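Some structures are shown below for you to check.
Below are two complexes that have subunit A in common, paired first with subunit B and then with subunit C.
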Partner chain A sequence: MEVDRAGPGPGSSRAKGRLPSQLRTIVSERCVLDRADGSAKWTQEGSCVLAAVYGPRQAKVQREDGERAVVEVVYKPRAGLQGHTERSRELDIRGVLEGIIPLGMHPRTSIMVVLQVIQDDGSVLSCALNAAVAALVDAGVPLNSMCASASCVLTQEGQLLLDPDSCEEKAATAQFCFTFPHHFDLTKSAEGEAVVSQAALGCRSHGNFKTGHLLEALQLCALGCQRVAAFARLSLSKSLPA
Partner chain B sequence: MAEDVEADAFKKLYPEQFFDRFLSEGIRPDGRPLGRTRAVTIGAGAVTSTDGSALVKIGRTTVLAGVKLEIIRPDEAAPGAGQLALSVELAPFSSADYRPGRPTPDVSSVTEKLSSALLGGDAVQLAALCIAEGKAAWRAVLDVYVLDADGCVLDTALLACVAALRNTRVPAVRSTREGHYVPAGHGKGGDPASLVAGCPTAVTLDRAPLSLTCSLYGSHVLVDPTADEERLAECSVTVVLDQHGGLQGVYKAGGRVLADAATLVKCTEAARLRHRELSGLLEQSLAQGPPANAG
Partner chain C sequence: MFEPAAVLVRAHRPGADIALIERALNVPDALPSTTFVCVGDEISTEGQEGFLRGHGTQVVDGKLVATVCGVVERINKLIYVKTLNSRYVAEQGDVVVGRVADVAGKAWRVDLKSRQEAKLLLSAVHLPGGIQRRRNAEDELNMRAFFREAELISAEVQSVHADGSVALHTRSAKYGKLVHGQLVEVPPNLIKRQKQHFHTLEALGVELIIGCNGLVWVAPLRPDRAAAAAAAASGGADAQEQAEAEARPPPPPTKAQLEVVCRLANAIRALTRLYMPVYPASIMSTYEAAVEQGVALAGMLEPEFLEAVVGQEAHRRGSAMQE
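On to the complex of A and B.
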């Protein structure tokens, strides 16, 4: 067993035969917190994020906007204080959520989304975004469309791996995280087929890569988001009363 | 005079309609076509009290970057590498949105992307800043001051950082009798035999990462937006790349407009052209600028 080699750890699902374009097991729980308007816990095997939504409620006078709702995001890491990375992620998540919530519907209110990373094993930003959307649905905040997020990495051999764990992320040449809006097409089937838009709501890629890798990663993440969307639909329809 | 007041009032009350009037003609309020970037001025060696500095203006956005070097004992985890400490500050007079107290998340976002561009992709060779393995290395403290935030702060800050690092002259190092390392030229003359050989004279930049931000507004892509345009569009794509055309970062902020593959490629190509333009200007400015003070 080579533990010191860069690559997926011995206990990871990739070592057990997870394909490069296969997601990890997703578990989603709704209504986890009593006092929050909406909450959800999203687990992607090793990564777990708890999201709570408070709102739409009255905004503080300094922060209110007369014409639309203000989205505030708080992202707390698993350990330590908030640093530049966390505040930067807050800004990204806020941008994505502002794209799916019809802000003009609730002027002078604030919608606060608090994200706490419980476990970090790679793809945490995607996990956090998925948790935030599930919590918004749980809170009953009106949404233009739902959105799903998936991450992938470019290994040193030039292969793209979907839903990486932390070992793969550390050993990667580049990391990509894409978020796509999705809706359900009831004309295709009674349950509704998840239709993921081909255009991204959010993108965060860094490392050393080429344009070709970026476009391939876009397609791979869109595929991943399709599965996340199908799972979200399943979990919602099971937990909500018929 | 009355027309100016009316135009300003229209801009404040109906910003989107005001902007759309210009877009329908194919230009922006400052007269630029949609694909044109603003004029760039690079002043290398602007501050004489530092080891390297640069004052960069892109349009009205002004950023001052300064590098100060100090000798430290390297970290045990990396005994053969120097350090780069980055800090970004927004001056109070830089924008009307400035609030005293906690720095805005924009500053954290710029700091994170700057450090990812300079350190993440091995742009700054930290191993080249080592003087004696395990005993002494250079630590470059890179301070970035945003003096005027008029859009594309990250692009200007990154250009200023690269220019300041290229402008930095690393002083020679002398070893004292006690075995400490001090920059040569400090204190008394000291005999030339105590000069440590093989020390770095400049901060090596393996790759020069430069970036370009484009705003997405409706179906238009506005290259190098001003602060007004950024605020209106609320959606932008920043592309960071190096001189070989390799991408180092693609960040899309804001979700109002979706970005498909074609838009991302368009932004990447615009960034590539901009990199070529900026590299040329950077070389020119470094060649004619005053060299930084030694020690």
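On to the complex of A and C.
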């Protein structure tokens, strides 16, 4: 089990001094579960999601596709049974993951991603997507590119805040969650600079906002994703030595 | 009769195994790899006229790009990315141990703990007595007489198709159903492909099958089957005698035999815990170390014995480097 921290962040709440475009402290653990092919636990200060990946393995006959792999996502809330919000999040996450996994490489197989919300303090969908990608990398599933996710909210005053916690989300006019694919440019430096693609892989928005707000939120989340990508690279390079 | 041993409960300390290995091998901090790649990184193919693309890579816009996070390995012209853990990927000629999942329409579906279930066609099994004949409808109805669901079999990979589906065959007396033994699951990355995967340890009276898919079978040696297999290999034995020898139920193993089997299985589990390669020499050295030190069966998975195993490996590597 490897644990990585992104460095001590300045206090989690805006009252304690977190800037509007600052992420909370990220902690990621890999290889948390024994029986799953890959697993990861992603914590963004108050929100924590455990992801497990099973696959690629033989798909059930009813669900198998002769030409591509089938991605199944199970999203379980912290408490209670799965409801319609959980089902719609499963569809969103499945869409994003189908964008980064080369499905044609493994026909008649299924890749199952199980996400369990352990703590919920805002930005849970981003946390879940980041955990799912870390678990896929841990399982050794071939991917076209890695992806990172960040959320932001539009407050009543018209300000955009990155990586909101649950009180900010409740008080917000609109909520956005963007996912961007990223890769590393090894020509810039030996470690590689994170290059976040201009095109978003996934966008989930909820609430009342103008087009200008959406585009600003896109830029802000791209910035957040760049930091998440740098952290993901750091945590991987430390746990895969020569 | 066995006396029930007291249950030992040990607190889980995360990272303790890695700390143990680092201490014993004197590696304070793992050095960063220069050939580590992440998903989407380009792998340099300069200085090589032609190359063979292996697992974990794909060609995008004429460039070789990694699809998994891991270390780049180059063997002659083959370039591939090695990850820490991945499912078994079948290659032609591999000896595998699998469990029958389903019996349907002239084929068995065998679970190899791989990405897809493998198919064992009725026409590809070894008939008792070694006779070769066309399989008819009666054979198809009696498929369960050969292998039923949930039984373990050893087989060889006949072919791997482009879409990843695997065809197995058991066209030799040494392959077939496995009974009266212990199965140990090992990450397939720890198993190297070698010339021999069937090992008969006559001194201990144990047979060992190291499947390339990570399933290792340890069982007491059956002298009657071994003789029949040898006779079949030399060719021309009486078909009737062979069929009888294979159909006869095995004699129940003795307590001493069972203990040896359990000790070998625990040696394999200890190597798995330490993420060390599993092959006959390493299994035997771990087994002998346990016998020399008089470690109890259950004590072979305790941290004290694991430290001894790591120390032995460090010593072996040190002396190998000095040569």
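Assorted remarks:
In this section, the second predicted complex is superposed on the first by the 230 of 242 C-alpha atoms of A that agree within 3 Å, B and C clash if a C-alpha of one lies under 4 Å from a C-alpha of the other, contacts with A are read in each partner's own complex, and residues count from 1 in each chain.
As a convention for this text, a residue touches a chain if its C-beta (ideal position, glycine included) is under 8 Å from a C-beta of that chain, and two chains touch if they have at least 3 such contacts.
These numbers were taken from a predicted model, which means no experiment stands behind them.
In this superposed model built on subunit A, subunit B and subunit C occupy separate space and fit side by side.
When the shared chain is aligned, no partner comes close enough to touch A:20: not subunit B, not subunit C. By the touch criterion defined above, A:77 reaches neither subunit B nor subunit C.
Contacts of A:184 after superposition on the shared chain: subunit C is touched, whereas subunit B is not.
Of the two partner chains placed around the shared chain by superposition, subunit C is the only one that A:106 touches, whereas subunit B remains out of contact.
After the two structures are overlaid on chain A, the closest C-alpha atoms of subunit B and subunit C sit 16 Å apart.
When the two complexes are laid over each other on chain A, subunit A has no residue in contact with both subunit B and subunit C. Subunit B makes touch with subunit A in their complex at residues 105-106, 108-109, 111-113, 115-116, 120-121, 234-235, 237, 240, 245-256, 258-261, 263-265, 268. Listed in rising order, the residues of subunit C touching subunit A in the complex are 14-15, 30-36, 38-42, 56, 58, 67-71, 83-87, 111, 114-117, 163-165.
Residues 83-88, 90-92, 95-100, 179, 181, 197-211, 213-215, 218 of subunit A are the ones that touch subunit B when the two sit in their complex. Taken in their complex, subunit A has these residues touching subunit C: 1, 3, 37-38, 55-58, 102, 106-109, 137-146, 182-184, 186, 192, 233, 236-238, 240-242.
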